[in-house]
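Take a look at the structure set out below.
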Amino acid sequence: MLFSRRRPSAPPGSGSATLRILDLEVRFGGVHALRQVGLELAKGEVCAVVGSNGSGKTTLLNAISGFVRPNGGQIWADDLPLHRLPAHARRSAGIGRAFQVPPILAGWTVGQYLATASYWSGAPAWYRSVALPAHSARQIRGAREDAAEGLARIGVEASLDAHLSEISLGELKLIDVTRAAIGGDRLVMLDEPTSGLGLGEVDRLRAFVRAIGDAGPSVIIVEHNLEFVADIADHVLVLDDGAVVAAGNPADVFAEEAVRRSYMGDFARHGRLAGTSSPESTS
Amino acid sequence: MSSVLTSERVRDGLGYRPLRYVVLLVVAVLFCTNGGLSPADEFIGALIAVNVIAALGQVVMYGWTGLLSVGQAALVGTSAYTFAIAENHGHGVWASALLAMVFATFGGALLGVVGTRIRSHYFVLVTLALAEVVNLVLDNQITLTGGENGLPAPIGLDLGFVQLTSSRDLLVGSAVVAVLGMYVCSALKSSRLGLGMRTLNANEILGLTSGVSPRAARIAASSVAGVFAGVAGILFAAVTGFLGPSDFNLAEALVLLVGVVIGGMASVPGATMGVIVTSYLAVGVPSLNVKGPLIYGLAVIVVLMITPVGLAGTVSAARRWVTRMRPRLARRRVAAERPVL
Amino acid sequence: MDILQAIASGIAFGVLYGLIGLGFSIMYRTTGILNFAQGDLVVLGGYVVVRLDQHGWPLGLALLVAGLAVGVFMALIERIVLQRVYGYGLAYPIVVTVGLALAIESGIQLVEGATPEFPPLLTADAPIDIGGVHVTHQQIAVVIVAVVLAALAIGFVEWTRVGRALRAVAVDRHVAGLLGIPAKWYFTLAFLVGGGIAGVTGGLLGDAYTLTPTLGLSLSLAGFTAAIIGGLGNGYGAMLGGILVGVLENLAVLYISPGYKEGVALGALILFLLVRPDGLLGEPAAHGRAV
């Protein structure tokens, strides 16, 4: 009851798409943050959302997370009407979310932070905790081992008992990504995960995101780092002023004239996809 | 794959160790029975134990969930008076106790419902007002509560399988319940419920992302506070045999709150120690009379100035400092032992 | 006693509640701290006035001195104690002010003893009759002084440069800092002003209250209620709220029972906190979702 396990049903039209966003509209007072945004993601697909600041990228993530109530449109996760669920119920729908700036909780350790993602399975119910301490200890230890394994896969060397305030920003972001991955059986959302990361960390992140996609959950990444996007994304969504300007696979999207002109700047001339349509090709 | 763990092994998963509480229980009982305490001491000790129980509710509600209430004493009073009135009307101990628990838990839940709608500053004022309303009712509904003249209640507890009659019995009984309460509280902290409350309190967005329902967490926390208050109230009535409205007024609520705060709001052992100190000052030094509150007030201010994170926070900070010093000390020792070439 | 009489007495009490609420409001608005010792500061001021009056000081001067003394006292407390406990959570400043309230109470009791004192009257002239309503000159004088005091305080906060800086600090400490306004000193100033108002109010208690060390809590509660009803942070609101509470209380005594007099204020407080926490004149806070 504390952690919502309701599964409201009713599916209108399906297909193999895990996540379907239909005509999403979000308005804050005078600002029209999202206009008729649509997206379809299949299982295991990685979708990157790009666009200049203020284009609505984070608002999109917040709408899926439930922190923002849309003024119109729908969000479906398989047969679940996410848009009708309160924010805290989306975790049970398998939605995991990492933040642009991970919260540095005073006095919390890395292990405790990761435990917030897995406490359905990782933390014992209160009556078990009181009456069955040994069983509960085993449960918690299991969750800690899972968390440690997750950190190992993403290549973070910090101890589970290190305090969050002692961790570098790059590692903190990777830890946050791990937390999101633990919590996301269906969808993992990352908000600018490469910002603040060193090159080695970006490589590890790239491998980790691919691993997530391979394991089943879909991924949505809001990013500015277009090289990273080109490497990792199966699908790219370009937002400008709240509206979808382009969508498709990276090569096609980055070749579009409108996208290149308004958003890509230097990347269009010197980046990896520079040679796709312009006559002067340098690499 | 590089090792994620440093040289520290994965400690056993629980944040609490049940064994500790067994030891504490034994020590407490031994102290109470063999400590050479006079009946007056035993009486004070029992009252301190009762306060600890009530304060644990505040740890859950404020320390873990961030709901600051100055109404915990009023909840205790609700339970105590319900228990006493029911007993006086001829209902048995168990029935009266059940009724008292129901009232107290319900009162807590009600506070929780209020807490889901109102911001922290206003919430404190609501609890203040509600606490005063309870006091007002206790003062004025004279036929029911005896008003300011107080309400006598049967002293001691006859639970059927055990009778607590002497002041020593009551002290041991209260201490046992207090230690049990501490254990339960610690267990809650490591449970899903406790983790949810603390996550939500640390960062609401993180809590929501993790699946914690704010409404459920707050109502749960307040209800738990009500449960602890209920138990404390029943014991209070049994220990003192006489209830007066001033036993549950704002000053009493503040003894609990201040104790919890100076001990470290989210820490069970810390808060317990803090409440023992404040309760002793408030209850155990009657001879100081007027000077008592003055010293108490000043002491609170001074302690808060010196250790804003409370006693428990100071302890854990010290522990962390020691952990950091240890490798440095080890290195120095090794260097000293290295043969000079 | 009839309704008009009740209303008249209500206003006389109400302006006192309003002043307490006003001081409380100014402190809260600037620093976010709920000063649980507000009522005790009033009592402190009252005792100062009583002692000065016994030594033959003119009442007006005594009021000023009381205001200054209590204001400075509170400002010192803020500087020395409160500034150390900002940022550690809601409970710390509250617990500090509670400790302060207790300390003041027992301090007064130690120095003065517990026997009730009668605050000096501003004027001892006989009561007059206005259209069937008994009104003492004391009450009229109190209302006049209270209104003037409130006007001064509100005027200071709303219209002077210093007052505007106080409000800037209240709105956004960091931005105010960028504008060159040292927030810390303005916190102290808020407590100086709030304490000063409380101190003067102590001298206005006249025949409304007998002064005992333990009077503080009921005064605090009445003041909080006034401030909340009027809208925390709004000076006019606090005075309005105070008068409203005073009148309601007297009406309750008239129609219900004297024992539950305090219940009216409490009931009003709870009602407003639940239904309209921003009070009658407060601006609704941005209750947006945290994103």
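Annotations
Per-chain residue numbering starts at 1, and chain names A, B and C are given in the order in which the chains are listed.
We adopt the following convention: a contact is a pair of C-beta atoms (placed from the backbone, for glycine too) under 8 Å apart; a residue touches a chain by one contact, two chains touch by 3 or more.
Not measured: the values here are computed from a predicted model.
With centres defined by CA atoms alone, the chain at the far end from chain C is A.
When chain centres are taken as C-alpha averages, the shortest distance to the whole-protein C-alpha average belongs to B.
Here the spacing of chain A and chain C, counted between their Cα centres, is 51 Å. The geometric centre of chain A is 41 Å away from that of chain B, both derived from CA atoms.
Taking each chain's centre as the average of its CA atoms, chain B and chain C sit 33 Å apart. For chain A, residues touching at least two other chains, in rising order: 67. Residue positions 290-291 of chain C are each in touch with at least two other chains. Residues of chain B in contact with at least two other chains: 205.
Of all residues in chain C, those touching chain B in their complex are 28, 32, 34, 80-81, 84-85, 88-92, 94-96, 98-107, 109-110, 217, 221, 224-225, 228, 259-260, 262-263, 266-267, 269-270, 273-274, 277, 285, 290-291.
Looking at the complex, you find that chain B touches chain A at residues 1-6, 8, 10-14, 16, 18, 183-184, 187-188, 190-196, 199, 202-203, 205-214, 216-217, 220, 316, 320. Residues 62, 66, 68, 114, 117-122, 124-126, 128-130, 132-133, 136, 139-140, 204-205, 250-251, 254, 257-258, 261-262, 265, 290-294, 296-301, 304-305, 308-309 of chain B are the ones touching chain C in the complex. Chain contact summary for the complex, chain A toward chain B: residues 1-4, 65-67, 86-92, 96-97, 99, 103, 105-108, 115-117, 119-120, 123-126, 128-130, 133, 136-145, 148-149, 151-153, 155-161, 163, 183.
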